[in-house]
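Handing you a structure now.
All chains are identified by letter, namely A, B, C and D, in their written order; residue positions are counted from 1 within each chain.
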Amino acid sequence: MSGNELLSDQGLRIDGRKPNELRRIRCSLGIFSQADGSAYLEQGNTKVLAAVYGPHEIRGSKSKALHDKAFVNCQYSTATFSMGERKRRPRGDRKSTEMSTHLEETFAAAIRTELYPRSQIDIFVEVLQADGGNYTACVNAAMMALVDAGVPLKDTVVSCTASLVKDVPLVDVNHVERSGGSPELVVSILPHSGEIVYMSLTQRFHIDHLSKVLDTAIKGCKDIGAILNEIMKGHLTKLDTSLQAS
Amino acid sequence: METEENSIRALKCEQSVLSRADGSVMFSQGNTVVMASVYGPLEAKIQKELSDRMYIELNYKPKTGMPGVAERGKEKLIKTTCNHIILTNLHPRTAVCITVQEMQDGGTLLAASINAVCLALLDSGLPLQCLVAAVTCLVDKKDRIILDPCISTVKEGYKAMFTFAFDSQKYNLILSHCEGQVPYQLFQKAMVLCQKASHVIFDFYRQAVLRKFSNELL
Amino acid sequence: MATDHKTLQPLEFYKTFLDRKSRPDGRKLLEFRKMTLNAGSIGTADGSAIVKCGNTTVICGIKAELAAPEREEPSKGFIIPNVTLPSLCSSQIKSGPPGETAQAATQFIAELVNNNIIMDLETLCIKVSKWAWVLHCDLLCINLDGSLLDACVMALVAALKNLKLPIVSYDEEMDKLISNPDEKMGFDTIKQPVTSTFSLFDNGILISDPTFEEEQLAAGLTSITMEGTSVTHMYKPGGCTLDEKQVKKLIQQSELKTKEVARLIEEACSSSIAER
Amino acid sequence: MTNKESDKCLICTPGQRICLSDNQYIGGAGTYTRQGYITSCLAGVVKVTSQHDKRILIEVRSGKEQTVVPSAGDVVTARVTQINPRWARCAILCVKDIVLAEPFRGQLRKEDVRATEKDRVEMYKCFRPNDIILARVLSLGDAHSYVLSTAENELGVVIAYSEEGTPMVPVGWQEMQCPKTYVKELRKVAKVLPETISNENATGV
């Protein structure tokens, strides 16, 4: 998968998007009755479910209890039918545990945990269909689920990926572009305050390009943030009539 | 469609075979042999403890190998039956551990293990609401209902196999487990047949208890 | 005040509804919840379906692989079902190895599949004792609100009908499999068993399609699987007793639901989304 | 945000700055102040209410009742799960009048049961498993349970079941009676008038 197939000379990508164009985002909130907050998010062909339980009592080992703030527990799992070939262990493998710890650190920074001392907030994420950008879709879905659960957040958390092909930065990378060996920069930010909460880079590119690719990623995050805010407001206006009454 | 073989195979049981168990039985139905033991009421583990009733733990041990998903399915069936027949609210915050060990597979394992558990509970003296008797029947390819089939008839292949368990008060249905597909009238006919056959097993329980206490009274 | 009554004395709260022949969510005693079915929604799976019975939602994804059949049954392929309840689906489910409900559900579906009720396993065989299809059917419950078995069976049947496998032929001398990708083999002619779950209360009241709370409060639970008018499986794991009259009533009630669901699956497989 | 009262109420998302936090505006529930700005931490509708001392209170209210955790001083409703001579373990079901999605674990020590003669309290004379009690949260306690207290007259047993299983009627501040079997059982009764009791019983208390 050499460079010119990823980016044709007219500047179009494999799936026909322009380099700075995001994949189609669709999201719905409050889709489960059992969870306190839930969300379903589609970014292109990547489909992710997120559910939030809590804040509730610490389950399992009591050692995790923090006396002054809530303990955020995340679990990232991919459905066995979500990839090309069947995935043997949906949860236990190293990639899932790594993703879970990254999610925990991202959301421990975003949730106002000091309001709920010695309790636990559970965030469960299930990837139904994986087409690249799994981590970013999980972060965005988990954030929407937290908002639906009414958990107070310092700020929304938005995540996006960016890549570099033939010195042209691409935003919101899908599976084909990622598996073609091109570098992938994943960034999670708090859009209003602009702070970067999580950043990781796979493969290599020259240091001069870093600022260019990082700006593309952050711009991608801000655009996704705006779209998700609209969806949130749309969801709230639907509930608005009940809010007026209360 | 008369049923040529409508009798239950020879039933034999020996109670209090294990010295350390509160109740134990070696039960055989034809050439299906099952052993059951009851330990309890004993102190429950903290997270398993129920505040208003007794926690029932049931392990089903196959003859060879580790218990798999099929054994877990059987465990759930027998466990919920025990939950109904044992008066669990008389012993709150305790636990009882029931173990079923498969000794020989003569075809009707599920029915034999339910009868064995009932006998073991009788032997252990736990307060029971009623007794339970399980009967298996088989509908072969020519729509004939065979009661309590032995392993050879099962191996010949069958259209459907039902296991029904009835209580001793009004002979109502407590447990039912079926494999295979059969028209509704035949299903109803099989259930009625098993209900009549369960009387045989209840009489056997009475004789077993009689035999047990008779040699103790002598 | 109602929510306090519900949490402090759940059984009395529920009994007040039962006495008036209704239920907290407004349904009558033997009324089923709204069912939605969406076939073929997961692109990466060979066959898939999403089923929503009331709030209980189950996704079935089928991945096909090739393997050698067993020696005792050389001409049979395999269907391996696996019901997973992630801790996402309810607060009662803890993360870790599958619990008792998940394993009992897997066992229930395995029994349904293994004695040729849904489809004849011979159709999955490519070359006797050499090559056969293995269908890994993964049933993922993403919201558990009672009557899990109904949703699982419906999702499995819909996914199998939606399944498309490449037609594969065995080349004798080259001992190789040849498949032409454009021709696809469908499974539309499979039988469609339908499960309906009822929960029983000790005062003889029977209710259908129970929610999660109703299952916890009930004294017994039974799931009847039927196909047309014949009974495939009456799964009653203990709990309070049933006499013949009640069993007859339950079977008639599940016959109604069988027609309902058969029509729903037909509709779903023709268009991709169907609702009742 | 302009000060004029826009007819369409403003919907805000977490992290959105609402206004400058000076002495005229104060942030209420659902908001927090950061770098001098009142910022919302919930997705919901901004409620602007002017208080009696002419300062304007800014609140954000989301559709869901806000998630709450028992904190010191709250009156909670709990169910007693386990009793032993030194303490009673209970499951906290509601905090003030908000029902919790999942119970929290609480512990009621012997010396916190009564205000008077603390040390001569016998637990089995005050509580039984499955009783519903009103209690006050004293502190967060050790790692796994909140410390509760019923040392006030309005706190104690509200709903208790007799041996036979029927809800009992309070007939004194230490006794409850089963309406069916007329058996009297000892409980530390809360002096609150449960609605189910008609008035003429109240005079008997």
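We adopt the following convention: a residue touches a chain if its C-beta (ideal position, glycine included) is under 8 Å from a C-beta of that chain, and two chains touch if they have at least 3 such contacts.
Labels paired with UniProt names: B = Exoribonuclease phosphorolytic domain-containing protein; C = Ribosomal RNA-processing protein 43; D = Exosome complex component CSL4.
Because the structure is predicted, anything quoted here is derived from the model rather than measured.
> If I average the CA coordinates per chain, which chain comes out farthest from chain C?
D
> Which pair, A-C or B-C, has more C-beta contacts?
B-C
> Measuring from the mean C-alpha position of chain A to the mean C-alpha position of chain C, what distance in angstrom results?
32
> With chain centres taken as the means of their Cα atoms, state the distance from chain B to chain C in Å.
27
> List the centre-to-centre spacing of chain A and chain B in whole Å, with centres computed as mean CA coordinates.
So the centre of chain A lies 52 Å away from the centre of chain B.
> Cα centroid separation between chain C and chain D, in whole Å?
Each chain reduced to its C-alpha mean, chain C and chain D end up 42 Å apart.
> Two or more other chains touching the same residue: where does that happen in chain C?
In chain C, 91 touch at least two other chains.
> Going by the touch rule set out above, which residues of chain B reach two or more other chains?
none
> Could you tell me which residues belong to chain A and also touch two or more other chains?
Residues 53, 56 of chain A touch two or more partner chains.
> Indicate which of the five shapes (line, ring, star, complete, other) describes how the chains touch one another.
Topology of the interface graph: other, matching no listed pattern.
> For this entry, which pairs of chains touch?
In this structure, the chains touch in these pairs: A-C, A-D, B-C, B-D, C-D.
> Write out the stretch or stretches of chain D touching chain B in their complex.
Against chain B, the touching part of chain D is residues 81-82, 129-130.
> Taking the complex as given, what residues does chain D use to touch chain C?
77, 79, 93-94, 97, 99, 101-102, 132, 159, 167
> Quick check: in the complex, which residue numbers of chain B touch chain C?
69-70, 72-73, 75-84, 165, 167, 170, 172-184, 187-188, 191-192
> Flag every residue of chain C that touches chain B in the complex, lowest number first.
Touch residues, chain C against chain B: 100, 103-104, 106-108, 110-111, 115, 117, 193, 219-220, 222, 227, 229-244, 247-248, 251.
> Of all residues in chain D, which touch chain A in the complex?
Result: residues 9, 11, 13-17, 30, 32, 34, 39, 41-45, 61-67, 69, 100-105, 140, 143-144 of chain D touch chain A.
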